[in-house]
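Next come two complexes built around chain A: one with chain B, the other with chain C.
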Partner chain A sequence: MSNPAIHLTLVLLLPLAGGILTYLSGQSMVRRTALVGMVPGLIAAGMLLFMSNDSSITIRFDWLPGHSLGWQVDHVSAVLIALVYFISFLVHLFSLHYLQHDPSIHRYFAKLGFFTTSMLGLLAADHLLLVFVFWELVGFSSYLLIGFWFSQEDKAKSAREAFMVNRVADAGLLIGVILMVMVLDQPFLSELSAVSSSPLVHLAGIGLLIGALGKSAQFPFFGWLPKAMAGPTPVSALIHAATMVAAGVYLLFRVVPVLSPLVMGLAAILGAVTALMAAIAALTQHDIKKVLAYSTISQLGYMVLGVGVGAYQASLFHLWTHAFFKAGLFMAAGAVIHYFHELRHDDHEFDGQDMRNMGGLRKVLPVTHLVYLLCGLALSGLPFFSGFLSKEGILSGAWIWASQTGLWAYVVTDMAFITAFLTPLYVGRQILLVFYGEPRTVVERLQGMEPLWKVKLPLLLLAIASVWVFSAINPFNPTGWWLNAYLFSNDIFRAPEGFDYIEKLTFGLSVVLSAGGLLVSYWYFRPSRSQAYSNAGVPQTWYGRLSYRGWFMAEVYAALAKVYDALVMLSAWFDRKVIDKAVNAVGVASVVLSKAAAIFDREIIDGLVNLMAWLANLVGRLFTGIQSGKVQHQLVWMMVVLLAILLWFQF
Partner chain B sequence: MVLKDQLSHIIESLSQVGFEMVLIGGSLLLLLLGLIAKRSLVSQIVYVLVLVLAMTLVPLPTDLGVWFGGALAVQELTWLFRLVFSFLGVWVVFYPTANRHPFEYYFLLLAVIAGSAFMLSAQHLLVIYLAIELTSFASYLLTNFNFEKRSFEAGIKYLIFGGTASALALYGASLIYGFTGTLLVSEMDFALVQNPALLNVGLLLFIGAMLFKVSLVPFHIWVPTTYQVAPTSAVAILSVIPKIAGFVLLHRVLLAVDVHTQYWLYVVIVAVGMATIVIGTLGALRQTNIKRMIAYGAIAHSGFLLGALLIPGETGVVAFAWYALAYGIINLVAFYMVSVLEDRQLLDVKDLAGLSRTEGYFGGLITIVMVALIGLPPTVGFTIKFYLFTALWGWYQTVVDPWIMGYLVVALMSVVFSLFFYLKVPYFIFLKESDGDVQSVTNPGQRVIATIFTLVLLWLFISPDILNNIADNIKSIAW
Partner chain C sequence: MTAIPLTYYLVVAAFLLCAGLLIVLTKKNAIMVLIGIELMLNAANLNLVAFSRNDPQLNGQVFAIFSVVLAAAEVAIALAILLNIYRKYNSSDLDDLNTLEH
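Our next item is the complex of A and B:
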């Protein structure tokens, strides 16, 4: 293996190796072994940035004759690998605090390492088959992590549901991959070239799109992400905010060259629809993590929209900024939940994730409050925060696209802008309800809730990264991302001649929308009103319930499962009434012919087995005849066969 | 040719058969040494040294040609399988019974390998006959090396069978010589013969000798009993090396006859192959003795290998070489496991019930080997069967011959049926409860060797680079 190959192998395998080591050395050693793989891996990932700087690292190896597989790390992969490492490292740190009392914490770190390696493999894979393999590994490891507390039945069930929804979408991806590799002959992501539109190209694109929609929790698959919140909260920060759900966007970003305009349009529509639906669903949630889950879906909708309208660089930018502030939000939420678990650890009825029980937490969790505030403002898209810059690019891209596409496309753009107003609304609501006002349960300061290395450091790093200077020097220039030159050689989506006014309008409108959203949320949830919230129940109006139940996605899935059940019943009925009848008919017919009817009369499988036993018996008897031990008989048998052959071909 | 030229040709030719010369010389040396140093370990070391030395003397695939006035033809396959034979041969000394065999045992193993090596390149009718006989005689003797009444009986039966087959083959050879006027396979022209009925009889009888060596129907009857009673390490060699050599030889003869124009022979070969697969598979179904079961399985595998001979061109030769190589490795591993079990008198599947309680790891390894024998992923057994079936399907699409279709169907069905008997072993190990006490069977050394053996099967599946390299080297052969 060449030098870069060895290095890449190390980068990919270190988290897994560290995880296995942690698992094998047991629970008592976790404090010492948890970071064994991550620290050298982080350094190696940093070196990977330099190694891929001049030219991409490309590795090809033969697999089956005529098929070679390959890896490639170009600038985009290298940056994302570093990003995943960074977030994963912080999550490792935070998990040490969050799960410190869990008896299976060593198993947790093994799973976390496994997930990290799978995710890195997905980013480094170049051949679509490898992409698919790691795609599935990512899904599987996420399933393991969601179901980490598998002894609680509802959590195990949630993990299974999330996994199954992903399976359905992965079938689409598989179709896309097979078409790309076998029919369109474009197996390598780095060598994709534009193809002329044909039904097959559409189909391949739609297959890939379905896969991406599934992994990125887009309509109609987004029901699984709220379910995935059953896992430990640091896991939600890593998987369901920063990395795995972004895989769909990453895949779309990679395959843009072969996506037909039809598929792109579809992506834009579905992305915008998802963004709006999820934002509405986030408005009424009581569970602190569910708000974040729906907001993640909504933001991923933005990214898919960005790819669909051709502003995929802006999507990648948003993926980048979102990874930081959403991971920050989730970890801060984890800190809140952890605090309540410590505070009320003897009260099993108490729900530490219900915002109705919170309020006024800024006094007991000051650092968490600060982090939540910074990351939340970034999420709501306020100027001087990273979220503003990246969202701006997508919004103006959508507007420009609409002005070039047609009148109907403005509906998509409008949905994106409405979402831009709803986002600060639910963010503001959550911050006000959790951290401001008077506490709705008795709280007190606890010792050791915000230890420096395991909580303050990761949280503050993520919060600081959400401020504008860490994305672009100019806080108002959405194309000013300092990585633009490195990732896209400055070849980025810009407004064409005569469309400058759209960028200016978008700018003004986003400032107004985000500030307005925050103000509205303050009006409704201002501290003096927040006490009433503790009695808030489940919304009763039809629109309230639609939002609260997340558009009844779970019910839709259940209904689909019922349809599937019905199909199964139907085929069982068909099997019974038609196939079995046919078998019986054959049986009746053969009763006349031979004893074999007795075998065929039973069910098919039984019949086959019996037939085989009968055949084996026959041969067995034949053999006992031949191999009676008398060598003369055997020789005679041999000669007879030989003679038969001679006679057969001669006459 | 002047005497001087002849001599220089012979001397030049000798340099090309260094492999065989070392084997023969080394076996004689081993025999002499054995008289002085009685310890088995000495003969084992000499045995390995001879094989390794022989391996280094294999001429490169760039250095091919026809030698000894056409009697030996050294081809790419000769090169490949000389290496494979010496490589596979070495592993016999790791079998748990290796120390119990006297020096004559290793002498005979070397003789088997030498005879097989000659079969790889022989194309003179008498050299072919001699090579087959050298292999056969050593095999008859090896069968007896457990020194039990049963094994003497089986050995004598094997001998009588082999003798009959070889008598028929000699008669066939004389007919062929009479009609074609030459003993060199490469110079025969079957199209010239006006009334070929008797020639065809001779041909069939002569081919019979090879069918006997590769255990194809109707010359397979000796296989189950012989494999059951012979020492397991000898069976591992006998079921692999002479068989592969026999197939290479059979293919050379079929190519000289031009089997694709002699349709009757083509049909006979196809029918023989299908019958072999059917009988091997069905025969194995009811066996409870593991050795006997794998013996029947080996008969079925012969049928698969025969299929690869029928596919001309690059796909055929690659399918054959891969199948032969992987089959050799799988069989060596399988018989190693059997040998370990046999050492504790556990040869009936019923004896294995509940073994997983003490030997879960070893049971897992056995399961992998059985999966490889069936031909399922993630083992190399899948790779080779998949490639063979693909090649057969490709050939069927070229010729649209229902016989080939039938072959493919029978082969596929056989895979399904083989699930039933191969998986019986893991079924008993893992799912059945035992009545009595279960004792541990393996020692750590055996587990390590078994692990290495088994990893090869998995590794070749995951990373078939070696197989691809082989394919690159041999695909230019006229097949």
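Our next item is the complex of A and C:
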């Protein structure tokens, strides 16, 4: 396999091919065919890491004469491709357990393969048009996966809503891509260079930013991600933790060279706002997956903030660490949901995702509990876990940025720090409510809930990856380990001269905030208190409802849809009353004009022709009198004419 | 004896011509029209003879003799045509011979 093009094609297409094979061979063969594409693909993706080690794999080909498209796999792409493959492989494994009783499981694997290929294509694409194509494919395949249980109307509706919100943001991306390709002439991601001459740079940057905000579920688009929890939980682990939502951050990371300071500032503000809003929303959710959904939004907000403040290496690093611990959390949540589904599969009223029904699960799901704990601590940013390393980079980047930008920028930084306190709060709350205390429903140990290969292996792998050693050798400093050396040649964001104190302060503050958040959560949800939680209803205070309903994003979208509806009605009315009337008036005017023209034609043109005919007739009639046919009349005329001629010559 | 002045001949000839013309234009019978034509021819002959008085070569008189001969031939042919017309239309009235009419 020396040819990089063939190798790359294989890497990209193997998941899809495996998915198609699984689909065609049917439900009964799923156990044997589900991993056919993933295992060789995973190996090939691993090889890709070494192939692109010395120099990036760049493939250019002519699409149309004068227009070339291209792929490029540099270190970042290779690492992310391997990451996507790894998570996707674990999700394939876990899905075999999670969906074992589903009659259309083969369709599920086909969609999963399709999604994985789309995501890989997005990571390998170099030309912005290809990026856009795969971007849309990712959106479409995620729509298929969210709506996997499409026979349940509310889930199909959620899939539709998620897709539509993405489509709205994609319009922004399309504008950005068109501007970049057609106007700014910078179609290749690997060859971007700063252009500041044209004011269109701002517009293109904002367009790309809107696209990224939509895909990464940032304010004001984040309403779709909680809705997307309607899909199977392994799908949430893959799509809404590690891959699809990371696409927005990845795109921002790639286009950083052309982002103007204005767009960067906007990204920082929106990222911080989203991080804070989503963290607040996560505090009051009852649904185990909704907490994770809002926490994902919040963490993605961190990444967007990181790009905005210029610490984009830290953002990418956070994307990497977040992919593992969030996928682990989602899969562990899936194990919990699956457990309740098996336990109470006769009871259709029972909500297996509602944390009010949980509690004390550490005894029945020990491995899940351990994994949830490790990944949750990584999410809350405790030292010795991966989340601490990356989040600290973003926070110190934001602080340094604020100190260089101005006083107002500290608001953004403060929001990020408040979020850093809220994150352990909701993580602790969830872990305590789900796994500790006394069970709030009757639970018992079930056999085969945590099979070794399909559940323990993926969960434990993800939990191990959430500990610091996987991402950095030094638990307090991400530099100097293979990942950073490979990704950035150890050129990670460092504080400029004179800002060392900020790094140290951030370091201390992060530890204090995360530990404090966990302690506060323990105070409020300690096992002796958690029994009362089973009666907790929907929050009644205004701030509680604001948080529980996710800042009423669904209502905002509905209102926007209403406004849109009204606009449509208005334009319909305008069309009917004004445009149609104008058209009709033009029609009437043309009828009148043609009538007038007809009259003119008939009376004047025809009249002239008729006059000529009448004149000819008159002359003819005049001379028929001469031609009486009588000899003597002709003789008279001859005489008259002769006399006339004679008279003429005479005088 | 003094010669009769030329004017007298011309007046007589004009009178003959006018009389002939009147007959040609007014009479309905084709034979009467022929007679009118003869009168007009004779008026012309008279003029030819009268003018030839001043011509030592007498070309006018020679011309008049030719004209008389031609008139005889013309009358013979014309009467023959008239006979045939009469046979075909049972009439010698010029008003009835109007097949040239539109």
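As a convention for this text, the second predicted complex is superposed on the first by the 577 of 651 C-alpha atoms of A that agree within 3 Å, B and C clash if a C-alpha of one lies under 4 Å from a C-alpha of the other, contacts with A are read in each partner's own complex, and residues count from 1 in each chain.
Definition applied: a contact is a pair of C-beta atoms (placed from the backbone, for glycine too) under 8 Å apart; a residue touches a chain by one contact, two chains touch by 3 or more.
From a predicted model like this one, the values you see are computed outputs, not experimental measurements.
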{"item": "First (chain B), second (chain C), both or neither touched by A:Trp63", "value": "first"}
{"item": "Chain B versus chain C as contact partner of A:Ile645, first or second or both or neither", "value": "first"}
{"item": "Which partner, chain B or chain C, touches more chain A residues", "value": "B"}
{"item": "Contacts of A:Leu407 with chain B and chain C, given as first, second, both or neither", "value": "neither"}
{"item": "Touched partner set for A:Val631, first chain B, second chain C, both or neither", "value": "both"}
{"item": "Touching partner for A:Leu615 - first (chain B), second (chain C), both, neither", "value": "first"}
{"item": "Chain A positions touched by chain B in one structure and by chain C in the second", "value": "627, 631, 635"}
{"item": "Of chain C, residues touching chain A in the complex", "value": "21, 24-26, 33, 94-95, 97-102"}
{"item": "In the complex, chain B residues that touch chain A", "value": "156-157, 160-161, 164, 168, 197, 200-201, 204-205, 208, 217-219, 221-222, 224-225, 264-265, 267-268, 271, 279, 282-283, 285-286, 318, 417, 420, 464-465, 468, 471"}
{"item": "Contact footprint of chain C on chain A as seen in their complex", "value": "624, 627-632, 635-636, 639"}
{"item": "Residue numbers on chain A that touch chain B, as the complex places them", "value": "61-65, 612, 615-617, 619-620, 623, 626-627, 631, 634-635, 637-638, 641-642, 645-646, 648-650"}
